[in-house]
Amino acid sequence: MTSPAGTLETRDMVFPAHANHHGTLFAGQGLERMARAAFLAARDTAGCDVVMAAVTGVQFCAPVPVGRALALRAWVSRVGRSSLTVCVHGLAQAPGCPDELALQGVFEMVAVNAHGRPTAIAHTYLNTPPHPFRQETP
Amino acid sequence: MTSPAGTLETRDMVFPAHANHHGTLFAGQGLERMARAAFLAARDTAGCDVVMAAVTGVQFCAPVPVGRALALRAWVSRVGRSSLTVCVHGLAQAPGCPDELALQGVFEMVAVNAHGRPTAIAHTYLNTPPHPFRQETP
Amino acid sequence: MTSPAGTLETRDMVFPAHANHHGTLFAGQGLERMARAAFLAARDTAGCDVVMAAVTGVQFCAPVPVGRALALRAWVSRVGRSSLTVCVHGLAQAPGCPDELALQGVFEMVAVNAHGRPTAIAHTYLNTPPHPFRQETP
Amino acid sequence: MTSPAGTLETRDMVFPAHANHHGTLFAGQGLERMARAAFLAARDTAGCDVVMAAVTGVQFCAPVPVGRALALRAWVSRVGRSSLTVCVHGLAQAPGCPDELALQGVFEMVAVNAHGRPTAIAHTYLNTPPHPFRQETP
Amino acid sequence: MTSPAGTLETRDMVFPAHANHHGTLFAGQGLERMARAAFLAARDTAGCDVVMAAVTGVQFCAPVPVGRALALRAWVSRVGRSSLTVCVHGLAQAPGCPDELALQGVFEMVAVNAHGRPTAIAHTYLNTPPHPFRQETP
Amino acid sequence: MTSPAGTLETRDMVFPAHANHHGTLFAGQGLERMARAAFLAARDTAGCDVVMAAVTGVQFCAPVPVGRALALRAWVSRVGRSSLTVCVHGLAQAPGCPDELALQGVFEMVAVNAHGRPTAIAHTYLNTPPHPFRQETP
């Protein structure tokens, strides 16, 4: 679709199947959704398959009640030789309510080849030095 | 996020949990994903809760193997007094492959109030007549 | 079991895992269940594997609250050279309540061989002309 | 639909989501499906809600590979004052293969009222003595 | 981890996704969880893969409301030439409440080789005869 | 069961339903399982309900193929006035293979009252100063 490579927007409802016993999104479900968004954003940029190497940090800012939509925006903030950093923000949305920041996180992904081994990422605007004297930081 | 109200883009991976015994997205899973996208697009435009009244038609154009992403774009094509028509297109995506149209469908949604009864949709650019002499067709 | 080939009856409960935020069966879940029933009815008649080609139409007639059973009846209404039409009706059921028609739909299925390519369906009472002068309509 | 009260037939596919690491139906999934069938058969006969009190026994007779349908037949074999015994048989089915008995089990269910307490089951042909001199065994 | 081979402890929350329409753990979910615990306990002791052959019996002692944790303890009580018996107890747990026995069951498992055929279980302290001069090999 | 409060051991199989398109545990599933273990360990220690406030960090050390068990050990490493830190380690296990460290993470949890507001944690051996002159660091 029209999103630039490396930025992903996705949305899904919070239904009882995703909730804890308080009727709000279970944190583990929030993490799973962020992981899927981070995976897709990284794969787009890398142009090859990726795996998650680490979660740098996630904050849960507000509970998301059943009936809200959770809109996730994931974007690649750094491209190294074979690794990428992806930021994910999540907004809780409902008709007639202002959007509310519900969760945010940073994920480290690694580009892999068909054997699951780390592989170099082809040059993109993020890992191509803009000037011959400036060196890429790995 | 930045999509205009009534247009929704969402993406998710096709994993074995979503597959049939041929290793491709089960049609029922494709319908469930389209239904969620149609729901969100309609709710955005209506500014209130909605329910699905009917599926006008869905075509499955190509199988979506496990490992592909399925990107859905849903947009509201008609807004009546209390009903909306939503179109959904789905593209199968993988690194190094051109996107492939995998499924498309048309859904009829109805705006509902807190009691689940049909309710009028506030005027939008789609259901507001552009000229005093032109009457909205319900 | 004893149902004639091409007619399928199946039933399952509506639990919170299948519900939207109103405590009723989410439409996407209803579609997934109908798709599974249509698949099984078509496979029985075709005598080989099938895939879904299209949804001709689905109507959601009444919400199905959590705690109801959803009984689906699927039957093959047309058999062509390699395609089949399947009708599905769904009734909401609960002790002490009359059954209520909740959803109905029509699905187009295609018989496929081991490579996933369309294949001819062996003659059945539905696609065998009852008289030598009557031609099968494809 | 047309099954007599207390007999239930239901069918569903075995997909990768239901499989163990050998590509066959995970036993726990088989038990969950049998439990749902037993629940529905008992509720039909009791005419009120029921809960599972015990599993008397289950045999797994043959593995069910992904791609098979699992057809379950459940029937009430005994109705006591507030309890019911349900038998469930499961057949693995695939086009061109003879049906194969895959699992069978016996479940004890208890009729409950709105507070979840055991309640008497209204007379049915199974717990009504066919003759005044014959006493029901509880 | 540190549990002796053949004893397994596992715990998981009861969330709405696992509940029936009364807001308590659906019996079928309880059976699925017990089956997974029995599988793991048997595989540990057998030192090879196992399949479930039968459920000898399960009792549901108390409903488990959403919001409780279900703690399962599974242990191997008998090791034969190629079969094992596993007992499973389940406790419902919540802060400030005494643990409550919710379910218990007995399962028969069979050790299988890579082709899914029954295979002999290497000697363990449970299937090695307790002869005074013979030392158990750990 | 016998684990000390604040330490939790849990195990579950990796089945196709939990896998990505490489046949290994999807990272998002790994995060969800760690979140459930962290939740249970924190709730045990706090003696009241808890919510996840943040993920401090998670490392994915090795892929976990379908057919492995994933054993999680979660323990509370810090108890503050109303917050707790939980560490989680995950081992991949299979018969005849040495256990392999697959994932590890640190989670911040907050004790909440019935209204979902932060609440003080009753004194435990972890947040009770061992000496009157030593102050707890929040």
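Per-chain residue numbering starts at 1, and chain names A, B, C, D, E and F are given in the order in which the chains are listed.
Here, contacts are C-beta pairs under 8 Å (C-beta built on N, C-alpha and C of every residue); 3 or more make two chains touch, one makes a residue touch a chain.
No experiment lies behind these values; they were computed from the predicted model shown.
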- Common touching chains of chain D and chain C: B, E
- Message: What are the mutual neighbours of chain A and chain C in this structure?
- Response: B, E
- Message: Since chain A and chain D are copies of the same chain sequence, what is the angle of the rotation superposing the Cα atoms of one on the other, rounded to the nearest 5°?
- Response: 180
- Message: Centre to centre, using CA atoms, which chain is the farthest one from chain D?
- Response: A
- Note on the structure: Between chain A and chain B, the Cα-mean centres are separated in Å by 23
- Whole-Å distance, chain A centre to chain E centre, using C-alpha means? 38
- dist(centroid_CA(chain B), centroid_CA(chain E)) in Å evaluates to 44
- Indicate the residues of chain A shared as contacts by at least two other chains. 13, 16-17, 26, 36, 39, 49
- Task: Could you tell me which shape the graph of touching chains takes: line, ring, star, complete or other?
- Result: other
- Query: What pairs of chains are touching here?
  - Reply: A-B, A-C, A-E, A-F, B-C, B-D, B-F, C-D, C-E, D-E, D-F, E-F
- Message: Touching residues of chain A toward chain B in the complex: what are they?
- Response: 1-3, 8-13, 36, 39-40, 43-44, 46-49, 69, 71, 73, 91, 95-96
- Touching chain F in the complex: which residues of chain D? 16-21, 23, 26
- Message: Give the list of chain E residues in touch with chain A in this complex.
- Response: 13-17, 66-67
- Note on the structure: Listed in rising order, the residues of chain A that touch chain F in the complex are 22, 26-29, 31-36, 39, 49, 51-60, 63, 105, 116
